[in-house]
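Starting off with a structure, shown below.
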Amino acid sequence: MRVDLGRGLALPNPVGLASGTAGYGFELRNLIDLDRLGALFTKGTTRLSRSGNAPPRVAETSGGGLLNSIGLQNPGVEWVATQYAPRFAEWRVPVVVNVAGENEADYVHCVRRLEGVAGVAGIELNISCPNIAHGMDFGRDAGAAARLVEAVRAVTVRHVMVKLSPNVTDIAAVARAVQDSGADSVSAVNTYVGMKIHRRSGRPVLPDGTGGLSGPAIQPLALAAVAAVRAAVTIPVVGVGGIVDAASANDFLLVGAQAVQVGTATFVDPNTALHVLQGITALRGAHTVSG
Amino acid sequence: MSATLDARVEHGPIVSVERFGHLVELTARLPALASAVRPGQFAQLRCSATTVPLLRRPFSVAWTDGDLCTFVLDEVGVGTRLLAAMQPDAELDALGPLGAGFTVVHEAGHAVCVSGGVGCAPFPLLVRELRRAGVADITVLNGAASAAKLYPPERFQRGDTAVHVAEATDDGSRGRHGRVTDLLDLAPAPAAVYACGPNAMLASLAAALDSIGLTRDTVAEASLEAPMGCGFGTCLGCALPVRRADDEAAWALCCTDGPVMRMRDVDWHELSLLPGADVA
Amino acid sequence: MRVDLGRGLALPNPVGLASGTAGYGFELRNLIDLDRLGALFTKGTTRLSRSGNAPPRVAETSGGGLLNSIGLQNPGVEWVATQYAPRFAEWRVPVVVNVAGENEADYVHCVRRLEGVAGVAGIELNISCPNIAHGMDFGRDAGAAARLVEAVRAVTVRHVMVKLSPNVTDIAAVARAVQDSGADSVSAVNTYVGMKIHRRSGRPVLPDGTGGLSGPAIQPLALAAVAAVRAAVTIPVVGVGGIVDAASANDFLLVGAQAVQVGTATFVDPNTALHVLQGITALRGAHTVSG
Amino acid sequence: MSATLDARVEHGPIVSVERFGHLVELTARLPALASAVRPGQFAQLRCSATTVPLLRRPFSVAWTDGDLCTFVLDEVGVGTRLLAAMQPDAELDALGPLGAGFTVVHEAGHAVCVSGGVGCAPFPLLVRELRRAGVADITVLNGAASAAKLYPPERFQRGDTAVHVAEATDDGSRGRHGRVTDLLDLAPAPAAVYACGPNAMLASLAAALDSIGLTRDTVAEASLEAPMGCGFGTCLGCALPVRRADDEAAWALCCTDGPVMRMRDVDWHELSLLPGADVA
C-alpha cells in the first residue's frame, strides 16, 4: 500500500488526515493510533502566530456540510519548527506541514524555516484558504500560483504539494501551472466558499459572511475536480473532499488520485481514516482476487 | 495543549427514554463513559446513521449508574429531536468523556449550583460527587422559562436531605416568579458556585457574584456552550472569548479548555456580542 | 407579494419553479395548483428539438445532492412557440422560457422566434448548462456572456434574465458584464459540475463522466454566490439552489434576492414551492408585526 | 405528454411490517392510493424525514385491502433499509399512483406472470384484477436467486385455486434449479404474458417469447426500472431505450410512458449496454 509521491515523500499507505482537521496531531494521538495512517497534514501554518477569527467559526449546513471560518489559528512556523517538529520526528506517521500566507514572502519564509528540520516530511502549500485576507489570491490565478511555486521551489529540496482551490473556472489550468513551475504533487480540493444565514437574526452566521464548505455535500464536486486535475497533470494527485468511508475514498483512487485525505469526517468519528484504510485495503484485496 | 484525553467512541443500547415536561432523559449502556466521566464533562452524541445531521452534538453526562449514562435533552433542533425520538434497544453512539469538568471542592461547608433550563444537566452528577467529597450542604437554584422546562428537584437530590432545591420560573408557573439569579439570597457565603445555563444568565450571575465580592479563592465556575466541530480540540471551531492572566483578550476552546471555565476568566462582554452557540 | 422584475416581467409572488424541474408545466398542473406560483421557468429550449443524453441521467449523491445529465431534451423552440405557448397564455402563472444553445446564432434564433408570442412572459438565458457541448462556454467567460446578451438584447423587447453558472472564479464579474450589456435581471445559480462513481463498475455513473449537482448540498454555495452577485449589480437577482423549505428560500431573500426558484425539491415533493410560498408569506407577516 | 395524473402526496400510518426471508412487506393506511391504484402502477415513497437520502424511491403497489396498501421491498441500499426499519404507527409519505400499469386482459383463458426476485411486487394486485376481469387460469412463474428471496406462493394466490405458482431458484434451494425462464414450458400458449424482474431476465424472456412467436395481438408486457428523479414526468431523468413504430431509436420515460411497456417496444440490446437503474 506504500505510495511514493516523489522527491522524498513516501507514504506508508494512501490515507492521510487533511489539514486543519487534525491539528498538529497531539489531540488525535490520544484518541486513535495515528501511526497507522499514511500521513498527517498539519493545520495551516503561517510566518507569525495567528489567534484566528472571531466566533462562531463553525456552522453545520442542512445538506450534509460544514462551514468553517477558523482563520488559520496557529502558533506560527517558529514554534512548529522548534516545539512540534522534534515530536513529529518520533512518530511513524509522516507529517506534512501545511503552509499558508498572505504574500510570497510569507510562504518563502515558512518553507525556508522548515528546510532541513527533522520531523517535517514535506510541505503542503495552501494557496486556497477562503478564510483569511488574500488566502485564495494565489489559488485563483494560475499565473500567480506558478510564480509562488517557483519562489518556494528555489528555497527547498523537499517535496512540495500544492493544495488547490476549487473556487475557480478552470482548476486544471492552475494544476498545470503549478506542475510546470516545480510542484511535486497537488492536493485537491480545499473548501468551497459558502454561506449560512442565522435564522433568528437574518444575518450571516460567520463573522466574515462566508466560510469554507466541507463534508459529504461536496464529495461529488471534489471528485469532478480531481478527475479534471488528473487529466491535466502527470504529477501525483491527492484527493480530498467529503470522504466519509472507504467507498467515498475509493472513488478518488478510481479517478486516478494516488492518495486521499480525510477531513471533516474525522470530527464525526476520529476513527474514520482508520476505517477508510481498512476498507480500501479490503477493496484492493477483493479486486486483486477477482481481477 | 490540553490534558490527555481518555475519550473513546462507544456504542451502546438505549435502555430508557423518559419525559419530564419538555425535557427528555435518555439512558444508555455505555460502560467506558460511565466509569471515566467526571462532573461537568460531556459526550458528543451522534444523532443519525446518515450524514444529515452531519456533526455530533455535545451533551453533559447528567448521571451514571453502574454501566449506564443518562443525558438530559431539550428538543431545540433536528439533532435533539432525533435523539429524543430514539427507542429503547436502538444503539447510541457516544464519544467521550470530553472536556474539563467542574472543580469538586472537598470537605467544604456549602456549595451552590445555579441552573438555567437544560443547564440542569451536569448537576446531578456534580451534586453526587460533591457529597462524596464531603461537602456538608448543597443548594441547587433551578430556574427555567416555565414549569414544563424545570428539571424535577428529586433528580438533583436523589433522596439526599443535605441537598436543597429552590426554583424560579420566568412566567411564575412554579417556584418564585422571576430569574434564577433572584434566588441567590437563599445561598449566602458559599464555598463554591457552579453554574450552567444560557449565556445571558451566566453573565448576570457573574455580575451578581462580582457585586457580592467573592474572594479570589472561591471556586466560581460556569459550563459554557459553543458550536462544536469536533469536541476534542482539533478543529479550533469552538472559540470563546476569555481574558488571560495579563488581561489580554484571547480565545479559549470550549471543548478542551472548557466547557467548564472559571467565571472570572470569561470575557462576558465579548460573549454577549456573539450570536451564540445556536447557529441554526 | 408582487415582484416587478422590470421590462414587463412582474411576478404575482416571489416563488417560481426552476428550469428543468417543472418541464413545461403540463405534468405538474395535474399535481399542484400551478397558478398560485410566482413563475414557471420552462425546461431549457433549443433551436431544434433534442432527444437528450443517454441514461443514466440522474444519480443521487450521498450528501443530499442530485446529479443530472439530461442533455436538454426538449421539443425545440418552434414546437414551444406554436403548441405550448397558446396553452401558457391561458394560465395565470407567468411562464418564462429558458433558452439554451451552443452558439450565439442558436440563442438569437430562439429569442427572435419567441418575440411577440403570447403566453411567453419573458426569457431566461441559460448560459450555464453543464450537460451539453459548449453549454457553459458563455457562462464561464464574462466577455463572451456580454456579447451574447448584447446580441439577444438586439432582437427582443422582452425581459431577459440571465442564468449564471457557479462554476467560475468570479461570478460577480459575469453578473456585472451581463448587466452592462443589457440583461434585465440575473438568476443564480445553475448546477455545479460534479461526478459520481458507479461502485460496481468503478466508472462514472453518468455517460459524460460529469453532471450538474443540485439539491440541499449546494444551498450554502448558492447563497454565497447570490450574495456576491447582489453586491455586484443593481438589477434584480433571482436566487436558486438547494431550496427545500421556506427557511432555506428566505435565506436568499435575506441576502438580497428579489425572488427565488425551487428546483430539485419539487421532485421530492411537488408541493414544495407552494409550501415555500406559504412559509415566506407567514415569515413576512411575522416580521411586519414585530418590526 | 402522457395521461392525466391522479397522483397525490399522501401520509398515512404504517400498520404492519412483515418479513418473508429477505423480503419485507410494509403495509400502510393510504386510502387515496388504495382506491386509485391499478396493477403495475407504483408509488414514490420517502425514506427519511431529513434530506438524506434525498429522493423518493419507486415501489410497485403489491396489494390493497380497503384503505391499506402493501409494498414488498428488497433491502438493497440506504433507502430500502430505512423503509424496512420503519415501525408500526410511523408515518409513511407516499406519492402515487404513478405510471402506466399492466393491460388487464378480459375474459381470456390463460395468463402468465413471470417474476424475478422482488419483481414479484406488482403481481398479487394484477392476479386479483385479472381474475376479476374473468381470466380463467393464471400461472405465476416465480424465480429468485435463492429460497430466501422467493415471495411465498400464497401471496399470489390468496386462496384462489385458479392461480398456479411454479418456482425456480438459481441455487436450487427451492423449486426447479435454474432460471425462471426455464419454467416457460409450464405455461403454453398464454393469452397474455406479464413480466417484472431484473433487466437481464426480461431480455432473455423477450428473446424466448420471440422464438415462441407470439402473435402481434398477444399482450406481452414488462415492468421496467430506471433511476428516477421525480416519478411524474418532469425531470426527464428516467429515460429508457425504445424502438418507435418506424423502428427509430428513441427514449421513453420509465415513470410516465412506463414502467410497464410492451416488450416489443423495448430496445433490449441498448438496455443491456446501460449500467442499470442501480446507480449507487
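Before moving on, here are some points about what is shown:
When the chains are written out, they are named A, B, C and D in that same order, and each has its own residue count from 1.
Criterion: a contact is a pair of C-beta atoms (placed from the backbone, for glycine too) under 8 Å apart; a residue touches a chain by one contact, two chains touch by 3 or more.
Remember, predicted model here, so these are calculated numbers, not experimental data.
Counting only chains that touch, the fewest steps needed to get from subunit A to subunit D is 1. Subunit C and subunit D have Cα centroids lying 35 Å from one another. Spacing of subunit A relative to subunit C, judged by their CA centroids, is 34 angstrom. Chain centres here are Cα averages; for subunit B and subunit D they lie 54 Å apart. Among the residues of subunit B, those touching two or more other chains are numbered 51-53, 78. Contact with two or more other chains is made by residues 62-65, 196, 199, 203, 215-216, 244 of subunit C. Viewed as a contact network, the protein chains are fully connected, with every chain touching every other. Those residues of subunit A whose C-beta lies close enough to touch subunit C in the complex are 61-65, 67, 140, 167-170, 192-197, 199, 202-204, 209-210, 213, 215-221, 223-224, 227, 242, 244, 247-248, 250-251, 254-255. Across the complex, subunit C meets subunit B through its residues 62-64.
Residues 48, 50-53, 78, 87 of subunit D are the ones touching subunit B in the complex. Residues of subunit A touching subunit B in their complex: 20-23, 26-28, 30-31, 43, 51-52, 54-60, 62-66, 68, 70, 73, 196, 198-201, 203, 205, 215-216, 244, 264, 266-271. Residues of subunit D that touch subunit A in their complex: 51-52.
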